Amino acid sequence: MEKLKDALDFSDFSKAERIGLIIFSVFLLVFPWLGTGSFAKTVMIQFLLFSLFGMGWNTIGGYGGQVELGKAQYVGIGAYTVALMMVWWKIPFWISMPAGILIAIGYSFAIGYPLFRLKGHYFAIATICTSLVLKDIFDNWSLVGAAKGVELPIHEHPDFVYMQFKSDTYYYFFIMALFYIGLFYMNWFRKSKLGYQLRMIKDDEDAAESLGIDIRWCKIKAYSIASAFVAVGGGFMAVYNLYIDPASTMELSLSIKIALMAMLGGAASLWGPIIGAAFLVPLDRFLGSWLGGQKGLTGIDFMIYAALIMIVSAYQPRGIWGIIEQFRKRGR
Amino acid sequence: MLKVSEIEVRYSGIPVIHNVSLVVNDGELVTVVGSNGAGKSTLLKTIAGALHTSKGTISFENEEIQRLSTPEIVKKGITYVPEARLIFGPLTVEENLEIGAYIVDDAAQKRDNLDFVYHLFPRLADRKKQPGGTLSGGEQQMLAIGRGLMSNPKLLMLDEPSLGLMPKLVDEMLGAVAELRSVGKTILLVEQNVRESLELADRGYVLQTGRTILEGTGAELLNTESIRKAFLGL
Amino acid sequence: FSAEKEIKIGVLYPLSGALATIGRDLQRAAELTADIINNKAAGVDIPMAHWGGIPNLGGAKIVLIFKDHRGEPDRGADLAKSLILDDKVVGLMGAYNSAVTKTVSAVAERYGIPMINDSSTSPDLTERGFKWFWRTTPHDNYFNRDLFELLKGLTEGKVKGVKAIPKKNLQNLAYACENTEWGSGVAKSIEGYAKEYGFTITKGLLYNANAPDLTSEAKALVAAKPDAMLFASYLSDSLLMIRTLKGMKAQTKFFWGQDAGFEMADFAKTLGTDINGVLTRTVFIDKITKVKKVAGQVNALYKKKYGDDLTGATARSVVGVQTWAYVLNKAGSTDPKAIQKACNEINIPAGDLVMPWAGVQFDAKGQNILGRGLIGQYQKTADGKISLEIVYPFDLATANFIYPFPGWK
Amino acid sequence: MLITDALLQGILMGLLFALVSLGLTVIFGVMDIVNFAHGEFLMIGMYSVYWTNFFFHVDPLIALPVSAVVGVLLGLASYYWFIKYLLRGPAIAQLFGTFGLMLFLQYFAMFLFSADYRMINKGILVGKSLSVGPFIFDWTKLAAGILSLMAFAIVYYLLHRTKTGKALRATALNKEAASYMGIRTDRMNAIAWAIGGGTVGVAGGLLVNFYYAYPMVGILFVMIAFACVALGGFGSIKGVFFAGLLVGVLEMIFPVFGQLIGSDFLGPHFKFTVVYLAYFIIVVVRPQGLFGWKN
Amino acid sequence: MSFLTVENIVKDFGGLVANNNVSFTIEEGEIIGLIGPNGAGKTTLFNCIVGYHRPDSGKVTFRGKDITGMKPFATNREGIGRTFQIMKVTTGMTVLENVMVGAFCRTNDRNTARGKALEVLNDLALDGVKDYYINELPIAIQRKVGLARTLATKPVLLMLDEVASGLNPKEIEDVVELLRRLNNTKKITLFLIEHIMEMVMKVSQRVIVLDYGEKIAEGLPADIVRNENVIKAYLGEKYAQGL
């Protein structure tokens, strides 16, 4: 109960932020009826999905300050659990997704234990390596479809048991619900004991240890929370795309994208991952859609995308949220 | 030699040094004292070019230097030994010292400097090959000062050199400072060992919340009532 | 019904990313074909070159809307939705990468919009029982069977310019296939046909196409001392593989590649005469123009505009658009149901296609049963250039087969 | 014999990996930045030799200095126009900054040169090989190996024996302290980027003798380079050298091993998986890498 | 049973023996000073006790429990708090948040932790800087924050590594005052490394002296400063004359 109150309590934010949150929520609610077209809706779904990924990453990467670049393996775990359970045993989404979370958490503990012996860049590269190893295994493991991936059978629509819908509006509201659960959880998390301890670890590990914090255990906990978030997103991807393969769920570029969005939005802040996703997802999708097929301009969309990443990271290392705060301060 | 006139220094917009003026003449040992957070380190860092003034001027040998970068200032002959020591951890003691002589091109000169440092701090000679980062706190302090001397500076700025040293070494350190002065080095010293350092000094300044509130010869300051109260707890 | 001026077809290709080159070529070929249909093309002897639009739709023009899926299945799906719902396309085409074709066709299936796939060769695609998915190209199993037919033909003396080779001299095969969905599928299929045709696989390996180095793979192949080396490679790894084998002076009698890399224009351009005697499966070779006039005419247009010859991939893109035109014309309507019906009943005569196929006619699964593959051999010409000659089917052969594979000195 | 051969080939390949990684570790050593765009520097090195060969018909081996110069210029340009500003931020912002640079260079190359694969067909070394008894070596790889050894010798000498080298290391360890010694740290950073760009440029120039150039080629090598650099210990020249060799040998030996025990599962498709796994295991046992300095 | 027992601790850094057979005991409620030349191994000894280093041999017993080789967080939970000689200057958390982390050691509830933290800050007269970040504070205040956050973990044994360095004599007075108060009212046993003899003399009830890793003397402050060996190795002639 106390926790729930904490989760719903945004009172330590400024008035502007709280009003912003309300406006944003209203916008999310009415969005499907704004007549923006279906592509915009798919973009919104991607945005919510990546916000969810980013919030997860933010626990270990933002608050905990550990440069984690292997989140894609958990997307894969979540997605494969849902897909395979459905294909093999016709297990409904509502059972397979929690199962995916559990597997992700179990796996995160198993590799987190050795992983968190490492620090800094050694850690970052090691997370990439574990992810690559898992992908290579899935790529060659014929039981799980190897590189062919897994296709989910198409069901009659709408189907709430297997979460299959023809219209994206259903998916939209579903991912939005997940998004809010994530947001409220993160709002609680940042004020929780673990949240504080992680920030201390980020600042000064020796001091943290002297204050009774079991650093490795804390990191593992945060890492597994992050993994659970990401696995939920992975499960969603499976039912949303109806097809998954190692290349699209476990690729390094996906890991980087997840971390990038959170970081660029503003790591270790509640809004960071959301803002990052709100900035990068539409940028990527719309640029790709407008410029991607343009002859003679191959690569221009990426160049713009990359240049913006470069500008933000050079101009304000705290990310977009840092820029916003900077202007707010100046405004006063 | 060094003339600081009415400077103001800010940290992210907030002034920490408001109005400080100070003069160091050739061959002098000048001590700056002040309570914690008075801005002593800030002052030295500003002279060393690591921070920049928002008002006022700093001139060294009649040349304005407040706009120069740290390496340029070092080239002019001012070396700063920071309070935090900043030893190059994995490098050996000797390598640390060699880097101290980065701006010295003459090999013989370098050797002389090295001998001088080892003479001043025999303990460092014992530990030539040990990585600097594994030295004890006090040893690191010696290394930091030794490294500062390696560049043969005209003006040496020491930020609390006795910090963390054992009593015997505090004496030795201040003895070393006195020795440096006696061989003709010009020194600007910041110290918390108010009594001893003022006893050594030709002149002294008292800093309080970013302002010079008193100046005089070492002995004068030591006899000032307010100083005795504020710093010596007498 | 009222005559529409434009008929929009959504086309999804990998226009950027690792496959950008091929995506660009596919796009060019599709555009050229649409242009031939819409604006008539003098000197092309097929009916549709005189249509000037779709006749049964009041001369409506085909408008291709290209989208770049970058090889990402989820992006492909999103773009497909956008094409269907926002652009209101009549149908879809693409997506080259089999993985993307899977998600795109699933979207098409959900929305009941017809999709004609021109160039994805994963056999699985037409095994899913989709009602809105048709494929014009033959799939990998066809091609692999062609390979074994050729091998068999060699032992039976059916191949132009070669006497029958004792089976024991061509018994041992080794393959190296890249390990994504396509290559591993090919590997499996090769294993199956080898058994069926009575050959022995002495070494079979999968490898990562995105590897900075293929030395160990090449070594393993060479060490198996096979009579024939078979490959399924994309462009980059095919180049590297051949360079590496050449460096090892690898010896074998028969050197065959499963399209993709082996057949692209850049393959021959980059490797030059190093590939004398190398075989590639394909569906189109510019030598086809010798036996098929239309192909030559379209190829000439393409070459004039873009400087390259059509290849298996690009020619399939041409056929894809051709098929769309026929289907639309037959349906006489842009109603999905009508198009679905037209697709199921379509029968395009061989003469109307640029491909040396018997036509386009779909089976119940949506697979074109009249398509067939070719096998070409790179041969050094008198002037030191390299040209691709048809060696299979035997009746289309344009040159004598070089046997054994000359290798590298 | 099989093993010896794999070992020799592995060493050659390892020398190349080491050369590719050298610049990364130098840059990291001095500035604590992991340069994601390192592979793109390689790519541009490759293109620079390719185009020199294409337009001026200069032998790719002789065009090598071009790639070195282009690499140095690219390093300097990246530093002065971009990296310098990144330095103010935390490690993670730097990581993503260079990631942005990576994407930018990739697609800039695609925009300029298209995604076509480009390979050099004629050259002193291209396609030639050397037979020694039962072993056959690519001349290009031998040359790469020799050049790699030279590059390491030079860089090692530069960093450990020269004054500038010492200054570089000092900057690496503590920028603030270095500046108090009169070292112009800004310039040291630039030098590090120049060395980093130059060495990887040369690596690219050599590579294009037997590997194709295309805009995305960097990714293939950069992950290996990351593993080498981390395995050797970030910033350690000696470390990256031996790690490169280790990776090269591992990559060659593993499939042979699989072949010997007759396992198709342990085939070449896992050869780099094994490298990553080895990195993970070694580093878990030795968290500072093989030659890293534990702080 | 003693409060803290250290028996024959040896710590060897690759040939450099930083602690050699050090043994001593501390009783509950005592204030013990640890002095010795720079590099004598004092900080190393602290690290061996709280677990940053694992001693090569020897045993540490705290309140009857063998804590040798326990991790620092575990010894902290046993009730040992320590401060650092060199404090890391951080930018991520305010003073209050820092101290709250300490308080979280004993509670899971945020409000309790916050209350406890405010109490400690108030006690150390740090409420004025509670919203500052560590890097914005002068070194002495930083150390005090370090002390505050350690105190918030409710230690029964507090090990302080040079809390008074960099303070002028007046400021040292205040620290002495504070330590006495902690010892008196909170019943915290204090074990402190210090080079400033005024301070050592004033607060400690007993002094242990290390030199080259070995314990060379132990006793009352007044006796220690007259000890020949201590004068020779540590205090120096000048100090001895000043007595």
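For clarity, chains are labelled A, B, C, D and E in written order, and residue numbers in each chain start from 1.
Following the convention adopted for this analysis, a residue touches a chain if its C-beta (ideal position, glycine included) is under 8 Å from a C-beta of that chain, and two chains touch if they have at least 3 such contacts.
Just so it is clear, the model here is predicted, and its values are computed rather than measured.
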item: Partner chains shared by chain B and chain E (touch criterion as defined above); value: none
item: Distance in touch steps, counted as few as possible, from chain D out to chain E; value: 2
item: Reference chain E; chain at largest CA-centroid distance; value: C
item: Highest-count interface - the chain pair sharing the most C-beta contacts; value: A-D
item: Chain whose Cα centroid lies at the greatest distance from that of chain B; value: C
item: Between chain A and chain B, centroid-to-centroid distance (C-alpha), Å; value: 51
item: Separation of mean Cα positions, chain D and chain B [Å, integer]; value: 43
item: Chain centre separation (chain A, chain D; CA means) in Å; value: 32
item: Between chain C and chain D, centroid-to-centroid distance (C-alpha), Å; value: 37
item: Junction residues of chain A - those touching two or more other chains; value: 65, 136, 139-140, 298-299, 302
item: Of all residues in chain C, the ones touching two or more other chains; value: 16, 20, 24, 179, 206, 208
item: Chain-chain contacts as defined at top; value: A-C, A-D, A-E, B-D, B-E, C-D
item: Touching residues on chain B, where the partner in the complex is chain D; value: 48, 50, 69-71, 74-75, 79-82, 86-91, 95, 98-100, 102-103, 133, 147-148, 151
item: Touching residues on chain D, where the partner in the complex is chain A; value: 28, 34, 82, 85-86, 88-97, 99-104, 106-111, 114-115, 215, 223, 226-227, 230, 234, 265, 269-270, 272-273, 276-277, 279-280, 283-284, 287-289, 292
item: List of chain E residues in touch with chain A within their complex; value: 50, 52, 71-74, 76-77, 81-84, 87-88, 90-93, 97-98, 100-102, 104-105, 108-110, 113, 146, 149-150, 153
item: In the complex, chain D residues that touch chain C; value: 2, 5-6, 9, 13, 17, 107, 110, 114-119, 121, 127, 129, 136, 138, 210-212, 214, 216, 219-221, 224, 251-252, 254-256, 259, 264, 267-269, 271-272
item: Touching residues on chain E, where the partner in the complex is chain B; value: 13, 16, 35-40, 43, 85-86, 136-141, 162, 165-173, 195, 197, 233-236, 238-239
